[in-house]
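Next, two complexes with subunit A in common: one pairs it with subunit B, the other with subunit C.
This part shows the complex of A and B:
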């Protein structure tokens, strides 16, 4: 049968960001997907030569507009390791709290976008309504809604006092109830299941071999989570990676849904175990040497490579984002799928193209 | 497999007041710790230039000789770094965002 090539993106109703795929179609079935990225390359890595390591935290936060806090945190972590700065324990716990808030807001955003991709507009609105409540909590504690601006080399900029923490915990309680309502629809509803179950199945071996990260890998049954390495204060908190074995879109959705509640639990644990004390230390001197920092973003593991030569500007800075690691798996699951499932499959990896291209 | 799971949620929210605001008729009240517009208090400033040196977006300019402090509002990202480093505490972040800026002029004080 003759093949037709249908361009998908860079502008497409389901895509929040530009990725282009040439879909080779045989009848209604996709035979091959050829990706091209690079539409929004901003050269942020090169900026490291012009901004000193304190200023660059702001740039690192702007690598991504959704998981901004964890980008800033990873950069700070890398520089702190080079400078051998002892970050105060309270700051580490605050980083966990904001990191998990960022995860909840990212997953709620993804749930909304996925609902939109399979045509469930009302569910999309409800997911984002719940997310708005969390954004208010984030703004109340850090001052920003998506760009937190709370992390700095040597600690954090803001503290959450007891009263504020009480507000956060009460807010989370309401939020948890509302999240349960929408998660019930995502996991139980027949129309949602018809669009997600057995679509884009990725076996455990395939996911592992293709180098998947994050919920994509955990949904295929591999219990891999960078937070288990214990960076920030994760080593002092109790949690286990959320995994599923089906490896389809439904499993990936279920993993993210369960991670919402896992994050709420982690915030509660961190709030209960957070010690009193300083939130930052004075940082002096310039970094020298190289370091690779690994942290868990909502989309999976992010790798930051920094190389410093003893001056205030770093010599080299490189980011491997989770979306980039999940792209090979996307191309794999697109092979043989129905054309109508392409939007759901593209969204299932939770693509964040502006991180990927920086 | 469950059917009409959305119905309960939809009915619950059908009888609730809307969660959206009729902006600009009902503006959003700023939260206590929001990072909004940068506010400059001229009387305290010694024109030391530290804020301009530290500003990550180079939005601030200080002229010590003419005793002028300037800001390009469109470049300012309200990060608060200048507020942190100001030795005289003459800079602060307001909780509200201020009026929209429509020109690229530099505000000078």
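This part shows the complex of A and C:
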């Protein structure tokens, strides 16, 4: 049968950001998908040669507009390791709290976009309505909604006092109830299951072999979560990676749904165990050497490599984002799928192209 | 966490065998990156195994940046190798999927090329007009994920 090539993106209703796929199709079945990126390549890695390492925290935060805080945190972590800066424990707990808030808002955003992709507009609006509540909490504690500006080398810029923490915990209580309502629809509604179950199946070995990270990997049964390494204050909190074994779009959705509540629990634990004390230390000198930092973004493990020569500007800054690591898996699950499933499959990796382009 | 910073040096010739050994040991390819270092380019291959992490590092001359592809061992490596080509002008030979310079569309060709590479003159390779990609092979075998 003759092959037809259908261009998908860079402008497409389901794509919040530009990626282009050439879909080679045979009748209604995708034979191959060929990606190309670079539409919004910003060269941020190169900018490290012009901005000093303190200023660059702001740039790192802008690598992504969704998981911005964890980008800033990971950069700070790498530089702090090179400088041997003892970050105060309270700052480490605050980083956990804001990091988990980022995860909740990213997952709610993804749930909304996915609902939109399979045509459930009301569910999309509910997911984003609930997300607004969390953005209000983020704004109340950091002053920003998506770009927090709260992290700096040596600690954090803002504290959350007892009254604010009470507001956060009360807000989370309301949020948790509302999230349970929408999660019930995502996981139990027959029309949603029809679109997600047994679509884009990735076996445990395939997911591991293709270098998948985050919910893409955990939904195929691999219990890998970078937070288990105990960076920031995660070593003092109790949690286990959320996993599923089906490896399909439904499993990936279920992992993200369950991680919403795991994040709420982690914020509560961090609030209860956070010690009093300083939130930052004075940082002097310039970094020297190289360090690879890894943290868990909402989309999976992010890798920051920094190399410094003792000057205020780093010699090299490299980010391997989770979406970049999940692209080979996307190409794999697109092979042989129905054309109508392409939007859901593209969204199942929770693509963040701004991150990927850097 | 300091154990994560282990860097194992390797030569270009022994790279495929070393990578193959890591795959047999159950390591997952986490990333590949390049760093310009004067007359050399450092290529770092990061591997993860259930939280443990190590880096295999190869140094290639900036005047003739060529590497064998490891995408026949780790199929997913093709994405990083195309990036090495499109940003640093590193010629990676034998990629499983070769986009011929059309993977990352940048306004400036090879934007991360070092000053030393520029002084040496010319490009090792470039975008091939009319050729958007070539598929040479699929994934070879499968390495089982270690049990959690």
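Brief remarks follow.
Note that the second predicted complex is superposed on the first by the 358 of 358 C-alpha atoms of A that agree within 3 Å, B and C clash if a C-alpha of one lies under 4 Å from a C-alpha of the other, contacts with A are read in each partner's own complex, and residues count from 1 in each chain.
Going forward, a contact is a pair of C-beta atoms (placed from the backbone, for glycine too) under 8 Å apart; a residue touches a chain by one contact, two chains touch by 3 or more.
All of these numbers come straight from a predicted model, not from anything done at the bench.
By the touch criterion stated above, A:234 is placed in contact with neither subunit B nor subunit C. Number of subunit A residues touched is higher for C, counting subunit B against subunit C.
Those residues of subunit C that touch subunit A in the complex are listed here as 1, 4-5, 28-31, 33, 35-36, 44, 46, 48, 50-51, 53, 55, 74-76, 78-79, 86, 99, 102-106, 111-112, 132-133, 135, 139, 142-145, 148. The residues of subunit A lying in touch with subunit C in their complex are 22, 32, 34-39, 41, 43, 45-46, 81, 204-211, 221-224, 226, 228-229, 231, 243, 290-292, 294, 301, 303, 305, 307, 315-316, 318, 320, 324-325, 327-329, 357. Contacts from subunit B toward subunit A in the complex involve residues 1-3, 5-6, 8-10, 12-13, 19, 31-35, 54, 56, 77-81, 84, 93.
Subunit A meets subunit B in the complex at residues 51, 54-55, 58-59, 120, 122-123, 126, 129, 132, 136, 139-144, 147, 149, 157-158, 181-182, 184-185, 188-190, 193.
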